[in-house]
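Input: structures, listed below.
Both complexes shown next keep subunit A, but they swap its partner, so subunit B is in the first and subunit C is in the second.
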Partner chain A sequence: MLVRLAQALLVLMLVSVITFVIIHRAPGGPAILADPMVTRDQAREMARTLGLDRPLHVQYLAWMGNVLRGRLGISFSTNQSVTTLIGQRLPATLVLSGAGLVLALVLAVPLGVLSAVRRNTWVDHLVSSVAMFGLSVPVFWLGLVLILVFAVQLRWLPAGGMLTIGGPSGVGDRLTHLVLPAFVVSVFGLAQLTRYMRSSIIGVLSEDYVRTAWAKGLPRWRVWYRHALANALLPMITVVGLMLPQLAAGAAITETVFAWPGIGRLAIEAAFQRDYPLIMGITLLVSALVVAANLLTDLAYVYLDPRVRLR
Partner chain B sequence: MSRVEGRADRIVGEAAPRRPGASQRALRRFLRRPPALLATAFLGCLGLTAALAPRVSPYSPEAIDLSNMSAPPSLVHWLGTDENGRDVLTRILHGARISLAVALVSMLIAVTLGTVLGSVAGYFGGWVDRVVSQLVDGMLAIPLFFLWLMTLTSLGPSPATIVLVLGATGWMQVARVVRSEVLRVRELEYTQAARALGAPEAVVLARHVLPQAVPSVVVGAALATAFAILSESALSYLGIGIQPPAPSWGNMLSTAQQSVWEAPWLPVFPGLFILATVLAFNALGDALRDAVDPTA
Partner chain C sequence: MTRAIRRRLLVPVLAVLAVTAGDSVGAQQRGGVLRVAVPTTPTGYVITQAGGLADVIIEKLFQNALTRYDEKTLQPIPNLATEWRAEDSARIWTFKLRAGVKWHDGKPFTAEDVKFTFDTIFNKDVRARMRGNMGPLERVEIVDPTTVRFTFKEPFAPFPVMVGYNAGIIPRHLLAGQDPNNPAEFLKKPIGTGPFRFKEAVAGSHVVLEANPDYWEGRPALDQVVLKVVPDVNAQIAQLKSGDLDLALIQPKNIAALEGDPNVAVTTARQVNYFYVALTNKDEIFADVRVRQALNYAVDKAAMIRAVLRGHGEVATGPISPVLGWAYTKDVRQYPYDVGRAKALLDEAGWRHGPEGVRQKGGKKLAVTLTTSKGVLDGEQLATVIQQYLQAVGVEAKINLVEFAHLWTGLFKGEFQASVEYLITPPDPDLFGALSCNAPLNRFSYCNPKVDVLLTQGRATPDLKARAAVYAQAQKELAEVPSGIYLYYPLEVRAMNRKFRGFPEMPLRDAFQHSAKFWLAR
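For the complex of A and B:
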């Protein structure tokens, strides 16, 4: 366990060093210094107050020291604290990716079971084809098409944003805004999970204890759901853990399509502005969240399956 | 071939899938699958028309025609024109040149990196294996998208930087597969026989071990290409990929989104091309895997 934790911390360390070096070594500085209204002397003065004239390792250690004390610095472009900026945007992203993940899980499990127990029938072929489609469709385009159909043509659902500005801002309004983006976020994971679920169930169905269950004359739904599904679900925990980086990327892209005020859009804006503290803060935070969630899924697996032991 | 021969062939094939002639049977299995054939045909046609785009299309991909903006599909402009009056089909074909080239080159980088690291880790084991495996696990655990975002805005988006970024972060799956394949093959009798006959380690690896990993590498290459096309189009859509006026499937969609209310057909076609191409590479990868390893 301690080894895993140390590995996770090492990964985060490396991510922060790599990001730090890439953004600081890149040609051209932050956008605020490139402003044509700023003279060269003023720019140099600003760079000095921001500490950008110091050697790179000194800057990194100073930044790291602050991070360990829970401070992520001040954004170059808005002058607000990075922690505040992230705090404003993070809930929206968590809602979006959480809804996407739940949707993917809720749909993938029955679809995978159905596909496996009806192996090589038209049902299986249909589910597998849809899953293949889900793996291949560009998320942002799917979002655009759904906006075209449900917002532009049918006018059933809003085209973007998190709530109607100046309108009725109840739970219902928020839910109608969430439907399309959450579905778009879920699609890639849904496709992956369905495929894994199918092969996992097919594997389990040939196990001895399933044959015993059949031999006892149990009804088939009982064999499928009590004996097969319970054991096939376990490896899915690991798959969900491995899916999380994709989920974070998918959410960031979806936020742009649907003008969703989350952390992904903030990251894209910050990257264009070369707002160093903000980019570093977001990258580190998202990586930490994903790595921590990954660690939790590993732990959950060990807890739920006594056959597995951590190295 | 008679029916009896066909069955015997299959039975022997399952008992010893790697005996000489296995690749011919794998090819036959591959060709028997309609999706695989369809995917190959589609990619062939697309590659050919894209390569010949300047000769095939009478229009320029970048010249602006303000008298003919956002025209719907017609006989003159099969897929209509965009908000600057440029022929959409022409731009899609020219975009295919860039998108396919970026995807294929970054796939080559990723597959080369993955094969080298995976085979070194699997063959030599020990601390080399531990370092490589840690690197693979670490890179699979972090949201690489945010690293791409930063690297591309810092270094400046260009086809070269996109290829480097996608190649440098797309090798992990191939490395995993190659590593486990090499681990399996290096203990087989004929590899040990080669070693016992005094062949140097490098020769054993290159002549006897790596060729066995080729099928899995080919499968990995198809899937890596699909992923690279999706990634490039997403980056270009966000404005940190291929820069306009040069057309790419992704950046065509980001301008099309702005006129979604006036010209709703504009976002449809570039996306369909991305979908079809990625689908074809994924189907190809799946079919190749089934053909090489019928038990999976």
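For the complex of A and C:
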């Protein structure tokens, strides 16, 4: 376990070094220094106040030193602390992605099972077609179409944002704002999970213990749900585990289309502005989550699958 | 001279008063919330944030600059300053401040605040981008509590325009002693002297401003202005249609989506914005003025306006926009689309027909690389069209797409030979920094002694008529000896709630200087 932790820290450091070098070496530089009204002399002064005139390794070590002290630095483009900026945006992203993931799981599991047990019937074909559509539909297009239908034409749901500004911003209001973006966020995961669920169930249905269960004369639902589903869900842990980091990384496109104030959009803005501290902060957060999700996935197997043991 | 300036100032002031009075007599209704689309979260701190649309708008809602712009002429008119005069060929500017103005926290606004603001802008440790707009300022002195004097190293006639350009005065009593780059405490609840007070901000979502009942111009008609962060233009259109937004800047290609909408009106306005191809004048191909002239004949600017802007633009005749009616002149050498003349000029310059239709001289091909960025509106499309026009006259053209920030830094470093770009400038014809020899912002490495003399003279001529005459000559010379390919002046396209009134027909960014007059019909 200690080895795994050490590996995780090493991965994080490598990611940060690579990101740091790439963003600093890319042509251009921070947007605040590249303005048609800013002279080169002035840009040089501004670069100095940002510490960008120092050698790259010195800059990296200074950044790392701050991170170890729990500070992620000050954003170039907004002059606010990166921790504050991320803290402001993280809750919105967790709500949206969390709702999306729950929706995806709740729908994908029964759809996958249905598809598997009715394999090669019209039900299976229908579910598979819908899943293929979900995997291939462009998110921005789907989002805009839903806005046009439900917000502009039918006026059932709001066109964007997290709540009615200056209005009754209670739970109900927030939920109506959440419906469309959460559905859009869930679509890809839903399609993916449905396909995985289907093949996982199909795989499990040919296992010996399922044949034994049939042979014992157990009722259909008992075989499907108690024997097949429980075991078929195991590999899903890996799939969901891989999706977890996305929870915090945010769904940049959905957030943009629905004007949702999340991390994904913050990351896009940071990248456009070449806001080094903000890019580094978000990268560090997301990579830490990937590493943590992988660890959690492994631990979940230890807990749920008696064949796996901690070494 | 000084009296002449003051007299001319009176006219627009009276005009504004008349318009305000006309609106408020009976017609104007109080109340309502105006929701404006912005692409990013505004910060409310103009010193380090001037530039982005969100910050440009919020600055005008809750702050005041010394001057603002007349709705028709875009010339500076009183704001926090009531009058100003130039001395010593515009090397010294004295501003008289409005008395009785209060900050949103009730403290009085004084000359100390003005001095503090400019000292902060000129502090070398502060990342104030607008510093470059303010000319060679040497010192700011408080003459008396309502008079401030600015002394420059060189004459600087554009100053009254520049102090109105995203340069809201900041409160010394709250900001002195705070980190001028990141006044964290202040930003929790920023204040100004403007028509609206800061009420609430949710990062990434919106900022709510409410009417300032003690505003020196009188309480604004609107109860609130909400800046809604909606980064995607299609989402903005949807929110306009669904009634969730009242005002947004859109592009000509979006107009069709709003046509016939009973609640949304689309209007256009001239703006201080021009599109051009910057040609590096020291490049061995472009050093010959005949090549630069030829390329101006080779592109069909009117067709580009029709295709790219759906007709919402005017052919550019030089770097000064026609929105500056007093300074702009059309009476310059014109470059109509004329392939024959383009070819003749290239022949004359010694670029003869070579293999594969590409001209050459001394064995060298006439090859041009057009750099642009997706960050330049329609930049890629423009570059593609220009590429075809150039090929038609025997110029081989390649397109190089770069990041937006790279576009601005690369040209200065001489990395790009030609770039398709645009410039939004303050509403003043001053081009000294952009086109005089060796000027720090000369993107073209343009050097024309005649132009240099005129641009220097323009900065030393505060009298408007005399100044206009200087720039008329400069425009003639800049058309005769072009710095690049002047493409077009795009019109600004605004989509707004049909009930929204009192919005002047000036560029949107400047129109917010008059937000106290905005109102919503019931």
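Operating definition for what follows: the second predicted complex is superposed on the first by the 292 of 311 C-alpha atoms of A that agree within 3 Å, B and C clash if a C-alpha of one lies under 4 Å from a C-alpha of the other, contacts with A are read in each partner's own complex, and residues count from 1 in each chain.
Convention: contacts are C-beta pairs under 8 Å (C-beta built on N, C-alpha and C of every residue); 3 or more make two chains touch, one makes a residue touch a chain.
Fair warning: this is a prediction, and the values are worked out from it, not measured in the lab.
Chemist: Following the superposition defined at the top, how do subunit B and subunit C come out on subunit A, clash or fit?
Modeler: clash
Chemist: Scan A:V152 for contacts with subunit B and subunit C and give back first, second, both or neither.
Modeler: A:V152 sits against subunit B and subunit C alike.
Chemist: Mind working out whether A:V291 is in touch with subunit B, subunit C, both or neither, as first, second, both or neither?
Modeler: The answer is first: A:V291 touches subunit B but not subunit C.
Chemist: So, A:F133: does it touch subunit B (first), subunit C (second), both, or neither?
Modeler: Touch partner of A:F133: subunit B, not subunit C.
Chemist: Tell me which partner A:L144 touches in the superposition: subunit B (first), subunit C (second), both or neither.
Modeler: Once the two structures are laid over each other on A, A:L144 reaches both partners.
Chemist: Once chain A of both complexes is superposed, is A:T256 in touch with subunit B (first), subunit C (second), both, or neither?
Modeler: both
Chemist: In the overlaid three-chain picture, which partner chain does A:F272 touch, first (subunit B) or second (subunit C), both, or neither?
Modeler: both
Chemist: Is A:M162 touching anything from subunit B or subunit C once the two structures are fitted on A? First, second, both or neither.
Modeler: Second partner only.
Chemist: Just to be sure I read the superposition right, which of the two partners does A:I282 touch: subunit B = first, subunit C = second, or both, or neither?
Modeler: Only subunit B is touched by A:I282; subunit C is not.
Chemist: Mind checking 112-120, 166-174, 256-264 or 274-282? I need the stretch of subunit B that runs into subunit C in the superposition.
Modeler: Here subunit B runs into subunit C along 256-264, and the other listed stretches stay clear.
Chemist: Under the contact definition given at the top, report the residues of subunit A touching subunit B in one complex and subunit C in the other.
Modeler: 26-27, 140, 144, 147-148, 152, 256-257, 272, 274
Chemist: With touch defined as at the start, can you tell me which subunit B residues reach subunit A in the complex?
Modeler: 134, 137-138, 140-147, 149-156, 226, 230, 233-234, 237-240, 250, 253, 256-257, 260-261, 264, 267-268, 270-271, 274-275, 278-279, 282-283, 286
Chemist: Which of the residues in subunit A end up touching subunit B in this complex?
Modeler: Within the complex, subunit A touches subunit B at residues 7-8, 10-11, 14-15, 18-19, 22-23, 25-27, 132-133, 135-141, 144-145, 147-148, 152-153, 242, 244-245, 248-249, 252-253, 256-257, 267-268, 271-272, 274, 279, 282-283, 286-287, 290-291, 294.
Chemist: With touch defined as at the start, can you tell me which subunit C residues reach subunit A in the complex?
Modeler: Touch list, subunit C to subunit A: 33, 35, 40-41, 43, 45, 48-49, 51, 124-127, 129-133, 181-182, 184, 187, 202-206, 208, 224, 226, 228-232, 234-235, 238-239, 241-242, 244, 375, 402-410, 412, 421, 423, 425, 433, 440-441, 443.
Chemist: Applying the document's contact rule, which stretches of subunit A touch subunit C when the two form their complex?
Modeler: That would be residues 26-43, 45-46, 49-50, 74, 78-81, 85, 88-89, 92, 140, 144, 147-148, 151-152, 155, 158-162, 165-166, 256-259, 261-262, 265-266, 269, 272, 274 of subunit A.
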